[in-house]
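You will see subunit A twice below: alongside subunit B first, and alongside subunit C after that.
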Partner chain A sequence: MARMKFLCDAERCIECNACVTACKNEHEVPWGINRRRVVTIRDGEPGERSISMACMHCTDPPCAAVCPVDCFYQTAEGVVLHNKDLCIGCGYCFYACPFGAPQFPQTTNFGGRGKMDKCTFCAGGPEADGSPEEFQKYGRNRLAEGKLPLCAEMCSTRALMAGDGDVLADIYKERVVRRGYGSGAHGWATAYASRNRGDALAPGRVGTGGS
Partner chain B sequence: MRHLRPFLLLAALLLAAPAVQAQLYQAPGPTSPTSKDQVELYAPHQDKEVGIVSIPDSKLAVLVQPEGREWRGFRTVILRWGAAIAILGMAGLLLLFYLVRGTIRIGEGRAGRTVPRFAALDRFAHWTTATSFLLLALTGLVVTFGRPLLIPLIGHPAFTTLAQSGKAIHNFLSVPFVFGILLMIVLWVRDNIPEKADLVWLKTMGGLFSKSGEHPECGRFNAGQKGIFWAVVLGGGALAATGFLLLAPFALTGIGGMQIIHVVHGALAALMIAIILAHIYIGSVGMEGAFDAMGTGHVDENWARDHHRRWYDEQVGKGRVDPPPAVRPHPAE
Partner chain C sequence: MLTKRSSGTAPRGHLARSLTAGTGKGVSRRGFLHGSGLAAGGMAALSALPAAMIRRAEAAGPIPGAETVTRKNICTHCSVGCTVIAEIQNGVWTGQEPGWESPISQGTHCAKGASVRELTTGERRVKYPLKLVDGEWKRISWDVAIEEIGNKLLEIRRTSGPDSVFWLGSAKFSNEGSYLFRKLAAFWGTNNVDHQARICHSTTVAGVANTWGYGAMTNSYNDIQNSKCLVLIGGNPAEAHPVSMQHMLRGKERNRAPFIVIDPRFTRTAAHATEYVRIRPGTDIPVVWGILWHVFEQGWEDKEYIRQRVYGMDQVRAEVKKWTPQEVERVSGVPGEQLKRVAEAMAKNRPSTLIWCMGATQKSVGTANVRAFSILQLALGNIGIEGGGANIYRGHCNVQGATDFGLDVSTLPSYYGLAEGAWKHFCRVWEVDYEWMKSRFASKALMEAKGIPTTRWFDAVLAKKEDVEQPDTLKAMLCFGHGGNTVTRMPEMVKGLEKLELLVIADPHPTTFASISGRKNGSYILPGCTQFETDGSRTCSNRSMQWGEKLVEPIFESKDDYTIIYLLAKKLGFADEMFKHITVEGTRPVPEDILREINRSCLSTGYTGQSPERLKLHMKHQADFDKITMRAESGPCKGEYYGLPWPCWGHPELKHPGSAILYDTSKHVMEGGGVFRARFGVEREGVSLLAEGSYSKGSEIQDGYPEFTMAVLRKLGWDKDLTAEEMRVIQAIGGDKIDEVSWQTDLSMGIIRVALKHGCSPHGNAKARAAAWNLPDPVPVHREPIYTPRKDLVSQYPAINDRRDFRLPQLAKSVQAGAVDKDVAGKFPFVLTSGRLVEYEGGGEETRSNRWLAELQQSMFAEINSKDAERLGIRNDAWVWVYGPENNAKVKVRALVTNRVGPGTVFMPFHFSGYWQGESRRAAYPPGTDPIVLGESANTVTTYGYDPVTFMQEAKVTLCRVEPA
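== the complex of A and B ==
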């Protein structure tokens, strides 16, 4: 079975923010929540790059490890999802996440956090696939419809790719060989480094209660 | 001729295109990969990578923060083991101390007459801080240890209800906790200034380990009690400060600062729970007559003479207690 990953080719991203807008629109994400964002590093200097970043669906997800109520789970395809009925909005996952993926709606005047929201790889949540409850809590479940995440599908320069990690790696490597250069797939070492293989939290293993 | 100029310019540009392209796209050099195996896919990040974002949430400008891994290690391993060792270790030490020393008795037994020690306001400050601290500690421990210890027992949905209400209790009880500490500072700080007599007390550990029942002379509070006072004021104050910062996340610092604040809060909390365990022990089963001070507010005369001779003499001088009678009255037969 395919191991789902994101890959953003920093040499191709033009910071158009179409992925951000597509995500917001597809999932009807509320104000103040950014499941995906574009970060520009070395802005205005030589070597400026833009990278579209969201949940990377790590091999050994730190969010799942630190969650005090154990609300995360990983699907057989490696997609990291969470159960909003269990989440208490403590914010620990944001401290642990290397990519700043977890988002919290502000629910009180004292900075209190509501239930965490993050990129689902367009794979919904624990509710029945395509149900109104699932859409209301987690957004569209495109994977269940046989479609890939909309952010990557709409990327006009094909900088952002989503799908089987091995295929993405192959496409990226071929591009680098043709171009003669590449700045590395940002976040891959942190999210999918091979040293995490065999960990209890790897996809489908006991640690995350993976299905 | 003037009309021709743009076309000539265009022609020149077209002819120079390969050179321009080479400049724009940095033609492959000698180190460029020539096969797919040479492509570095897992470029490692050692430190934070921070850029800019065009959305209002500026903390999302952090692209990658590998430090989250260290924080994860603290939260899941170091904090749990550290807190467990500190709290269970202190409980074990106290049990051992109880088995060896037993309850510390009043030397001559209870006199039956009492000396007023803590007024209603004193006790109100103490018990406000004490109850809120106990509940804060309990709810904090639920969030820290609940996943390995409670979820297997009560299941996920019930634990979420518990943790959710625990979080609310933890947040709101910070207010009476801070109020109690402030009140205690106002009421007791002048009696808790360290002095020379404290050194004598510390040298003998207040006679804790001498069976002869000798007590170094001291005023209203001995060095141990002063230690508790300053631990609560400084430790509790730091817990409150870091707690409020965690309550208003990213108000003052970025992600790295928030991680450090959490580490300080967690480590201090474990330490404070261990210290307060010892305080509870010596104030209840550990010492005869000690609980009365915060219970009724009146302590036995002999207890006061045993433990706070100088304070007792002052109270006598102020006429706040009956002078000790020459002959001990015998109970009627």
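== the complex of A and C ==
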């Protein structure tokens, strides 16, 4: 069974926002909700790097640990999904998430944030696969159609990759060896740490070079 | 709220509020995902429409149970040519999938490409023809619109002559639309027909064609993967051509290639470079000569290549000698040591490729810049080989094709020019009498005279009659698919707009032209549809042609370009002559037929082999093409290059594979090989211009040779190879001067066929010209920008003398001297430059109307260096006024404080419009068509300055002053 992950190669990401727009287009995500975003560090300075960030679908998701109504669940492929019918919009998951993934349609001070929304790895939600109800609440279910998340599929420079973690790690390793540098896959240590111990070239480890 | 470019998040500030306010629909849980897209204005405007149209605009997401059809088209934004896969249900585009099989894009998109589905829901598009009546936009029918526009045009023709109408075409046309629009202007009787190439790469086309024969990218995006060194001057593909970056980064990684970015601005592309060279805007020639100085000094030039294939390099040597590291640093600010590193990287990592874009071309020395770049590549022997080349990234999706088909004031399609011979060639193809065609024009002289270019049309409206070299000033303008904020000197442009008797805009969006001026009457907007709602071919930057399939019917009441052109031709009374060989179904000319006419006539660029059938076959079998060489390895297109990049010689039946790399002598001409074009005669002052001992593989003439004519064929004894039918056609064309029939005019294509049969290129085999004697500066010399911050350099490096061209006066030296006298640089101490953002394209009306893109970039801004900001007391996000040195122009924008620009430089993106010197123009748009995001236009404060060869505007370097608002 594949273990689905995201990997963003900061040496390739050019902040073109194809991933962000593809996500909006595919799921009809409304204005103001950002399931995916591109973050740039050292903007305009030597060393500027960008990475595309969304829910990383952690191995041990902290959002699920803090949710008071237990609306999160993980699929057999490791995708972290949630049930909007259960969500009470408390926002705890937002505080727990190391990646700032959970999004809320409203911004009031006390409750009433509305149902949380986040990246589904294009895997929908608890409703029947491909049903209108599922689309309305979570967007399309590409995984059920045998397709991968559209953000990664459309990435202009193949910086953002989605798929089985082992395959991604192999692709990334090959790239780092070929080009002789790599700044690490941001977030891997945080999201999937337990799986990577002892592998010096694994994405997310410090010491893989970097330029 | 300013979106600082680093945050990537959309602020939920004023725009989000204003968007939701209109419909009373907050971003609430209710209808959260459902129908989320319909923002303010959209609903209100739509409520006036019939129910069927509302449904179409509302449709979002998949339609359960409906059958899904998959269709293939090409992205309508930049020139990379990414494949768009559309899932259509019930005639509505409901899903967009990656085009994995495309050898160019390989499934990928940028933000713009990933958003194109929105265009065919198009809530902010023009929905029906509109007419401005006493300052109010009124809905009218197509019939009334065409009738009134046509009557006014005919009246202007009677009173002022055909040259008083300016036909502004588009790089968004298909090839067939471009060709048809040029033909329309010809039948109307004027050369005042132009398009966006004037303001993007006209100087490239002129500079490169004058160097080695053709004005186009020599290699391809994919071929950059073969480069051992990548050098980029004045370009930012990470934002302007993002998908090209996959090839560039792969090349960089695969070959561990140095990647050098030369630019005034530390761009998103520069962030991925191995070396960044910051230059003062407008010093490209000193920098390139500075590199070449080291090349010559160290003996790194390719001496054998220069001996065989380059004319006039000694004259370049003499000029380059002046550009010592000290002088280069004094003028450009680049340390001498750094350019030595660049020269060494290029010399020791061959082949190296040179890539350039608008930073080089949009200058008053644009053509000279491009010539200098070309000469650098010639000196290193990098042209005509894999991994080398002059990789010129064109801008719009079909600006290459629109240029090739003569949407240009100086030529008929395929660069035939405007001389009598060119007109006679096309009259033969169109089967119209040459005398009749001549009678359409005011005079034979005007028929053969270059027209008024799009950078200067308003000067030709505002000028005195006697200052314009035609019977009268411009009275009417028809703009098809062209932004109104991409040309410099907007305050004068607005005055020109207001003086026009007739303004017609045919576009999916109203454009800046519709909203920016104080016009009250005499304006029309015709809803043109996008290329997703029609079919036709487009030519990418690498000269590959791709056929796009109609995805959905034109939405609302819009019509495609072919239909609008036909309706106009019919009203103007020459449709029968114009469409003699083109089938018209109802009122829609069939694009396949137009392409067949192109195939019959455009011999000189080799646009003859790409029949609609072959192009469609390529689209169907995309997967068979190699992802680097672009050659099909199997399947029905085996051996051919993807999209049959021109030149694709001879009849389609000849099965020429197209030419992936121009001037490549390592291949046979029938396998895409080639040589430099013999376009400028055979000798100059006793020196041969033909190649010496260099020829393409398998050539029977193992030396240089002139272009093929009947005379040359006879001399070689190859005329015997012509068939009887070919001889008949040649005789019919040549009459008693049969020897003069050339490969370009022989409609039988027999001369081409015979030349190829003997392994020769029909256009001859010459040397490239390092010295081009017909240009104002035969060898490029540095000239300071018209508005330069360096007064001290003006006497040594002055602008060219004032002159006349394109029917208008061109001031240069006098404006520059005036600016020095008035101490403009003292009052306007910043250099202003401009460029693109990834989310928007061109004038930006289309992309700023797209909700997904608009959310990402909500404010117009000016980048200012942190040291300058500190000194002026400007904090990030604050409002500032940017003042320009002409017309008392000013714009109010947000400050983006960043070290992306160096001290003393200000950068503004040029995609914004809808604000005018502090005032919103939102109310001036036809209701429901105002783009979501509006902003001040950078070109409100840009200034005078034109390239002498093409009248390219100086958009990339002027002066400005910044003050806190």
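Keep in mind that, in the parts below, the second predicted complex is superposed on the first by the 188 of 211 C-alpha atoms of A that agree within 3 Å, B and C clash if a C-alpha of one lies under 4 Å from a C-alpha of the other, contacts with A are read in each partner's own complex, and residues count from 1 in each chain.
Methods note: a contact is a pair of C-beta atoms (placed from the backbone, for glycine too) under 8 Å apart; a residue touches a chain by one contact, two chains touch by 3 or more.
Because the structure is a prediction, the values reported are computed rather than measured.
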Query raised in the report: Should A:189 be classified as contacting the first partner (subunit B), the second (subunit C), both, or neither?
Result: first
**Report entry** Partner chain(s) touched by A:90 [first = subunit B, second = subunit C, both, neither]
**Finding:** first
Query raised in the report: Which partner does A:132 reach: the first (subunit B), the second (subunit C), both, or neither?
Result: second
Query raised in the report: Taking the superposition as given, does A:169 touch the first partner, subunit B, the second, subunit C, both, or neither?
Result: first
Report task. For A:106, select first, second, both or neither according to whether it touches subunit B, subunit C, the two together, or no partner. Result -> second
Query raised in the report: If you stack the two complexes on chain A, which partner ends up touching A:180: first (subunit B), second (subunit C), both, or neither?
Result: both
Query raised in the report: A:26 contacts which: subunit B (first), subunit C (second), both, neither?
Result: second
Requested in this report: Could you say whether A:41 touches subunit B, subunit C, both of them, or neither, answering first, second, both or neither?
Outcome: both
Query raised in the report: Touch check for A:82: first (subunit B), second (subunit C), both, or neither?
Result: neither
Requested in this report: Mind sorting out which residues of subunit A both subunit B and subunit C touch, each in its own complex?
Outcome: 15, 17, 20, 32, 34, 37-41, 43, 179-180
Query - Partner subunit B, residues of subunit A touching it in the complex - result: 15, 17, 20, 32, 34, 37-43, 51, 53, 62, 65-71, 83, 85-92, 94-100, 110-113, 169-170, 172-174, 176-177, 179-190, 192-194
**Report entry** In the complex with subunit C, residue positions of subunit A that touch it
**Finding:** 11-12, 14-22, 24-34, 37-41, 43-50, 105-107, 114-115, 117, 131-132, 135-140, 147, 150, 153-158, 175, 178-180
Report summary line: Interface with subunit A, subunit C side, in the complex: residues 4-10, 12, 16, 19-20, 26-29, 32-37, 39, 60-62, 64, 95-98, 107-115, 117-118, 238-239, 242-243, 245-246, 249, 252-254, 256, 266, 268-269, 271-272, 276, 838-839, 851-853, 855-856, 863, 898-900
Query raised in the report: Residues of subunit B touching subunit A in their complex?
Result: 25-29, 32-36, 38-45, 49-57, 59-66, 68-69, 71-72, 75-76, 143-144, 146-147, 151, 156-157, 159-160, 163-164, 167, 171, 247-249, 251, 255, 258-259, 262
